[in-house]
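The following blocks contain the structures, represented as structure tokens.
The two complexes that follow have chain A in common; it is paired with chain B in the first and with chain C in the second.
This part shows the complex of A and B:
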């Protein structure tokens, strides 16, 4: 098995193991919160995934700045990978938030500032992915995506600050007992491992696709002569 | 639906979306490796 296959497998097994521990803590260890009842348990998934979404958006922003300054396609691929992962994570944030809202507030959705800015964030990155798909020239796509990625990130501080600066139904902060804090920390581990792992995997796929495209566009010399920056065309 | 039901639905759906995307990427990577194997005459993965 190649080095990258082993790395991917190790990441997969470790992340799954940490998720299993985190789920076990929610199911059997952490007590039910007195005011909100069992629905509060959604919080242990909702908050880490929300923070992971912000971090993925930050990676997209940083990579977009990197591309704008250096014009290196690796930055563009990293920004693209982070944006895709942020869409997936933001979808989970919205879904778990809606389920919480239905049970706690009696409605699936309300146009409160935090919920609205969160929906805008999801839409911004969905459009980012769509914009990328609509531009054919790689250089043009990269520069448009970099500018868009920098601007789209401006919504992240709005999501974070909205609940503090404006009246909102969404809680601004939550007081947690010791066991609840421990469970929350236990959820941050696998969620962040999954987020970083997915960005790395997506980046590697895009990187190899670009190399494959380059090789396929060149005249064929002899079989077995393809080389890969990722280490001899590794699996996964 | 009971409150416990909402919690279970949130966890199952949330984790299904996150891991579903992971499975999608792993399958895409495997497909890509098969393409590389076609180029390299069956070799894609070097032992280390």
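This part shows the complex of A and C:
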């Protein structure tokens, strides 16, 4: 087994282990919240995933700036990987939020600031992924994606400021008992490991694909063997 | 500055001679208002102030068409290559395109807005200047983003639908702020809060600067 496969496997097992601990804490250790009942427990997944989404968006932004300045395809692959992961994570935030909302407010969806904010964030990065898919030339795709990635991220604080003008029912800050805090912290570990791991995995896959493409586009010549073009070149 | 004026004059002259974009976009705007009016207005479930939302739909779609058309002019006969060879800063090209787009979209707004106001019975008399100011600020931000992305999409020969897809999510803060502002002003009779106008101004400043800076990366003959 190659070194990278071992690393991936080790990461996968550790993440799963942390998830198991986190789930066990939610199932057996943390007390059920008084007013909302067991559905409140979805919060332990919801909040860490929401914060991981922002971190993934930040990585996408940083990598986009990196590509724009250095024009190295590595940055582009990193930005693409981070954007894909942030779309997946943001979907989880929206879904868990909706389940929460259904039981807390009786509605799947309300146009409250944070829900709107998450939806716009999701839209921004879904479009990022779509835009990438529709440009053929790798260099053009990279620069277009980088410009869009920068602008989308700069848009995020503006979306945040603008949604604050709407009436709010989302809890702004939550008072937590000690055991609840501990459980929440326990959930941050596996969620962030999953986020970083997925980005790294996607990045490596794209890196390998690019290497493979490069190898395939080169003419196959055995070492020492002269091609016609090479022979002619050296004779001149 | 001279270069900017020359470029705008060129674009507007082309527009004045073939009158393609403006007519097309105005009719599209009125069509959108009519469709929404038929869908919503006949059931009387639209209050006056939701006209802002209707107007936004019209602005967004006709705006995207405007941006597409003004960049498409440069595609014909490889004019863009000539433009890129001209000894001027690429930022100047951005400014000229932006101002040209603004002229067009404001002309469209000047037709579409009265139509919307008329069809939806939106009473502007309470604060006409606030309305005009907020809409002008929003349209400036919209055009700033639209001009950049239109150049990007046109340079890469992408499909038309993509431009709308890129612009709409980015401009959502503008839609949100201006509709909230209009509701406050016209429904609740509250004065305009500095914070919300601040968001609009911040949007305009950030995206004007960023677009101006990155414009040269996205242009390609």
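In the analysis below, the second predicted complex is superposed on the first by the 208 of 236 C-alpha atoms of A that agree within 3 Å, B and C clash if a C-alpha of one lies under 4 Å from a C-alpha of the other, contacts with A are read in each partner's own complex, and residues count from 1 in each chain.
As a convention for this text, a contact is a pair of C-beta atoms (placed from the backbone, for glycine too) under 8 Å apart; a residue touches a chain by one contact, two chains touch by 3 or more.
Owing to the predicted nature of the structure, the values given are computational and were not obtained by experimental measurement.
In the superposed model, A:49 makes contact with chain B only, not with chain C. With both structures placed on the common chain, the touch criterion links A:59 to neither chain B nor chain C.
Look at A:184: by the touch rule set out above, it reaches neither chain B nor chain C. By the touch criterion stated above, A:134 is placed in contact with chain C alone, chain B being left untouched.
Contacts of A:78 after superposition: neither chain B nor chain C is touched. Of the two partner chains, chain B is the only one touched by A:37; chain C is not. Judged by the touch definition given at the top, the superposed model places A:198 against chain B, while chain C stays out of reach. Which of chain B and chain C touches more residues of chain A is settled by the count: it is B.
By the touch criterion stated above, A:100 is placed in contact with chain B alone, chain C being left untouched. Once the two complexes are laid over each other on the shared chain, residue contacts for A:142 go to neither chain B nor chain C.
Once both structures are placed on chain A, no chain A residue is touched by chain B and, in the other complex, by chain C. On the side of chain B, the complex with chain A involves touching residues 3-4, 6-7, 9-11, 13-15, 17-19, 21-22, 25-26, 28-30, 32-33, 35-37, 39-41, 43-48. Across the interface of their complex, chain B is touched by residues 1-3, 5, 8, 12, 19, 23, 26, 37-39, 41-42, 45-46, 49, 85, 88-89, 91-92, 95-96, 99-100, 102-103, 191, 194, 197-198, 201-202, 204-205, 208-209, 212, 215-216, 223-224, 226, 228, 231-236 of chain A.
Interface residues of chain C facing chain A in the complex, by the touch rule stated above, are 145, 148-149, 152, 155-156, 158-159, 162, 165-166, 169-170, 172-174, 176-177, 180-181, 195-196, 199, 202-203, 206-207, 210, 214, 217-218, 220.
By the touch criterion given at the top, residues 68, 116, 120, 123-124, 127, 130-131, 134-135, 137, 140, 143-144, 146-148, 150-152, 154-155, 158-159, 161-163, 165-166 of chain A touch chain C in their complex.
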